[in-house]
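Next come two complexes built around chain A: one with chain B, the other with chain C.
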Partner chain A sequence: MSNSLTCDVVVVGAGMVGAATALYAARAGLSAVLVDRGPVAGGTTGSGEGNLLVSDKEPGPELELALLSGRLWADLAAEPGVGGSVEYEAKGGLVVASTPEGLAALEGLAAAQRSAGVRAASVGPDQLHDLEPYLAHGLAGGVLYPQDAQVMPTLAAARLVRLARTAGASLHTGRTVTDVLRTASGAVRGVRTPHGDIHAPAVVNAAGTWGGELAALAGVSLPVLPRRGFVLVTEPLPRRVRHKVYAADYVADVASDSAALQTSPVVEGTAAGPVLIGASRERVGFDRSFSLPVTRELAAGATRLFPFLAEVRAMRAYLGFRPYMPDHLPAVGPDARVPGLFHACGHEGAGIGLATGTGHVIAQVLAGKTPDLDLAPFRPDRFPRADAGADPDSAPAPVEGP
Partner chain B sequence: MPRTPLRLVRARPEPSFTVTFDDRELAVLPGQTIAAALWSAGVVSWRTTRGSGEPRGVFCGIGVCFDCLLTVNGRPNQRACLVRAEPGDVIRTQEGTGHHE
Partner chain C sequence: MSERPRLAVIGAGPAGLVAALAAAARGVSVTLVDAAPEAGGQFYRQPAAGLGARRPSALHHQWRTWERLRDGLAAHVRAGRITHLTEHHVWCVEREAASFAVHALLGPEQEESVAVRADAVLLATGGYEKVLPFPGWTLPGVVTAGGAQAMLKSGLVLPGRTAVVAGTGPLLMPVAVGLAAAGAKVAALVESADPRAFARHARVLAAHPDKLAEGARYAAELARYGVRVHVRHTVVAAHGSDRLEAVTVAALDTDGRVREGSEWRVPCDSLAVGHGMLPHTDLAETLGCRLDGVNVAVDDEQRTDVPGVWAAGEATGIGGAALSLAEGRIAGLSIAARLDSRVPERSSYAVAAKARGGLREFFAVVDKVCTPPDRWVERVGDDTLVCRCEEVPAAAIREAVDELGAGDVRTVKLLTRAGMGWCQGRMCAPAVAGLAGCPPTASRRPFARPVPLGVLAREPDGPASRPDLL
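So, the complex of A and B:
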């Protein structure tokens, strides 16, 4: 069967990043085809919390991408019918420290973030309960980040796909990309699927945690590794947690390179009522088995922040695999090794938030414009080539070459 | 004789006991879930949704869907299809989250 399609760009992966890339590409006047082996939001997008955060990022390229993305999210949410349909809430983040030393470190981070354009307000221990009435007593203080926001990620991906289709993009779910087609000179000329080839001079790898596999089909290496996280979901409650609230240790956990388990409490209410409790990080490959020790740590951490949660039932837990890159930066932009190949993956736990900025700059490059951000720090070929035969999760330092 | 689940498995249950459902006494056979006891008494709806107040009762019946929630002995959001009725249980319909706003 050969239903050959021709378009300007094929976006592989209908998660949040692929949806945003297809949207901005279509709005830039390109004919875009979005293809996924599963459904929309079937991978990491459908198993996260929907955080749009600047608070957990140190000054640098990722924070710049987060600030750009936050502005674009606000623009999208202001479009008719969009904000409510994706449960966009510009509710702000509250980072709390339990000790004076922790607070000093947090204040130091906030000062650096302020000089990079982040709004961050110091909150004294007496003011914490004005912001979060149910917060534990005895905390040293915190920092409020009004730019932190939240969406319901599955709804957001679906909505952005719909907006992309309105702008002329097409969606093909249930189609596995089995090969990236290349010309004799090595440039991309499309993708192969069991339902036929899709021809395009540009292919965007938005395959998230599976981005390394797609890169391999195009003949290049990209060290994307799964970093597992669990989320606990409580019974629906009246709104008792107003902001995204998390402990200052979270930032250190995000930046950690360890494969071992880290947990730090992250608590937030949702528009639908349940409270979501994260966040754990461990590199255990694609192991989907439930872990009672991890979820127990999550529950204990959340209860330390919000003691009332001790009386609340957790209804369920879910897990997902963040696309982890060894230097904690995503791969965004053209791949110098293969003309026509672009990457938009490896955002670890920040892909929902960073999706808009990522899609926007990719569309700018596709349309021949200068992107709003310098993409050099996100270059996909910045890693030394990993040993192709090694199991990356068995080695402590996965990017080191032989 | 009507074909009832009790007859089909030739059950010989212990004597029934009582629970209250919104202050009304119901007879329950030992081993029945609260959902089974309510259905046996002809009650099929015991919760209203958080958004629009729509009636809800058992949907999946196996603990997955969280539609059959109600308040048991003061504790909200119990799944009627999983919780076994105990003598003297005080069972109440649940509106919204079941927690005080």
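So, the complex of A and C:
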């Protein structure tokens, strides 16, 4: 590798969001360099799940980004060889409610979502088993969301990087960005790495949960914080769970500001056979220690939804740290504080789903076009400075042992 | 809290047994938990049963040690000082407020779980065999060195069968002797290491005349059975249509390349192959214990950095039965003292500590000399399966690294599924690391055994009111 490199845009972070950003930027004709300190998908992308959901989002900017992203995912999946290689499945989501009150809340949300462009079909209690034959009995009803889909996130990131390279982007793994270079007037002029500088008039911060640190290198604050999640993986099974199935209280969890443990098991089959059960949500900083009580709750929730799972074995569990922002919206777009600096991070538990839309609009702005979405709600400088670090990031783990 | 402090020992091999006896003799209430139907671990269990009356002399000394341990265990069990739980597969050890819960699945079915509560835990889980892939290694008839012992036990290796023993490391000799003693024809022992490399460590070797004598005794046994030993050789391929029919053996040059024209075929119906051992660290990692490379890190008293958790034997580093015995003894003495709020006197374990120091030094040399041959990776064909559980060929791993930007075992696994199957990568992780050109790292396995979700979902019973079992 030569000592210095020049391109149109440096994308920092080869997770799902950086991969999609590099792809759309390269396809927009920009010369893009994608840099990561680790391998492709070595961050949160390799330790989460790949639900592409509209069902869990209330009407608003995040839902609009999700709808745009869903269309882009479908377009990508339709390209020759892509859909299969990323294990794209437009299988639909089935959200169930166990009580009449829960169902009423769910129906209320579905009605609002419909007016925002989401397809949502009410499912009576006696129709649930036509959709999911192994579902528990006695549920109040549910809503079917045909637009919910899934990919295998690591494959998706790696394949999108591959496509980006085909379109002219280059990839540099094992290379940490240690500084964001700026001109005398403060504008971005590239990044510094131990293997040399990379010069570019634009830098995209796609560093996920570490996006705050990268922003700090450019001299700005961005309050990205980790939110831990565990996922359980079962032994491979013949397809018994057909949709993504989850309980309605999940919707409350996503928007919740409570730091307490909340598990909301989404149960989904995968192309390879195992069933994934996840994920928990806790704010415990970057604590990697295993928590049996948390996985116990995931198992309990999943077996409540699908009693047959009680006999199925969990093979492993893994954890990841979602990048979340205080208002649960990602930072997407140019940073008014530093010319040439763009952010594409903080997607919390939806970064796989929202990656395509995020990459697409960033590429549009980079290419001087008007983005398909109004980026104002995602403005990176929307937080008062004091917010950085004000969140109870260091709150003690609610369920940890001694 | 009960009157007597409670210790749970996981693993009834040499290390766990000795520790259990030492602690029980000093007033600790011990629960010894092991997945196997009988005590003894890798060493005492397998060869002993397989070799029966025809025990080679090299094993006589260890056999007497085993008899002492077995009788000691029986006496403590009778006296109620040790509870021995056989066929208990520990899937997780959980730290609770002031104690530990050892969760174990029962019997061969592994569908029900019990929790054993204890004030201290000793991880004496031993190690497992490392096998690197080569063309044909998945043919029926190709087994691990330990698998060969199991075949002996079940009578699968019948007199008149022809076996080859190959790979590297000190296990190959006892395995070859065991097979020969059981009546198999051992056509060749193929060791890839160069024994001349030991010469560079003459000082360490000179300090271990016993080890050299042990090696010499095995060599004499091999000669007596007419087993040809080929050093600096390797099995480059196994052949057969439905099952193993022959292997190709070749000489290696000093760079680890196959010497051109040196290949020859050896007809055989079994191949026992091993490339050393790796420690079982799953339970330790889930508890948050620090690892040192692939070993559980321990201090002079065999304590991990997690208070209340000790580790001994091959879980802390591969080094044979004698080292496991020494470490187990130190752990048992330390636990008994610490649970009684005392600092163990170093003089009480000075002999064991001296043996431990010497054996660790010796096996560090063995580890250096008996490494898999350089360039083994180049001999793995693209279509050779690397992960047997998920049927992932070498080509897929190469593609993940060269084309898809994977850079460590974890991303290779996620991109190819290598290591996601039933054995959770215990078998293929070293091979994947080798093919990916990255250092082998201990992968995190929160569940040491697959656990039914119904079992996982159930709250275990509250804190123990009785001393040992719940």
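Operating definition for what follows: the second predicted complex is superposed on the first by the 385 of 402 C-alpha atoms of A that agree within 3 Å, B and C clash if a C-alpha of one lies under 4 Å from a C-alpha of the other, contacts with A are read in each partner's own complex, and residues count from 1 in each chain.
Methods note: a contact is a pair of C-beta atoms (placed from the backbone, for glycine too) under 8 Å apart; a residue touches a chain by one contact, two chains touch by 3 or more.
Treat the numbers as computed from the prediction; the structure is a model and nothing was measured.
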Touch test for A:M315: chain B only (first), chain C only (second), both, or neither? both
Which of the two partners, first being chain B and second being chain C, lies in contact with A:L237: first, second, both, or neither? first
Chain B versus chain C as contact partner of A:H129, first or second or both or neither: neither
Counting residues of chain A touched by each of chain B and chain C, the higher count belongs to C
Look at A:G38 in the shared chain and tell me whether it touches chain B only, chain C only, both, or neither; answer first, second, both or neither. second
May I ask you to decide whether A:R382 touches chain B, chain C, both, or neither, giving the answer as first, second, both or neither? neither
Have a look at where A:A299 lands relative to chain B and chain C in the superposition and call it first, second, both or neither. second
After overlaying the two complexes on chain A, where does the chain B footprint on chain A coincide with the chain C footprint? 235, 313, 315
Mind pulling up the chain A residues that touch chain B in the complex? 235-238, 273, 313, 315
Partner chain C, residues of chain A touching it in the complex: 14, 38-42, 46, 154-155, 158-159, 161-162, 171, 173-174, 232, 234-235, 272, 274, 277, 289-290, 292, 295-296, 299-300, 302-303, 309-318, 401-402
Please name which positions on chain B make contact with chain A in the complex. 50, 66, 69, 76-77, 96-101
Given the complex, residues on chain C that touch chain A span 92, 94-98, 111, 286, 288, 400, 403-408, 410-411, 414-415, 417, 420, 422, 424, 444-447, 450-454, 456-459
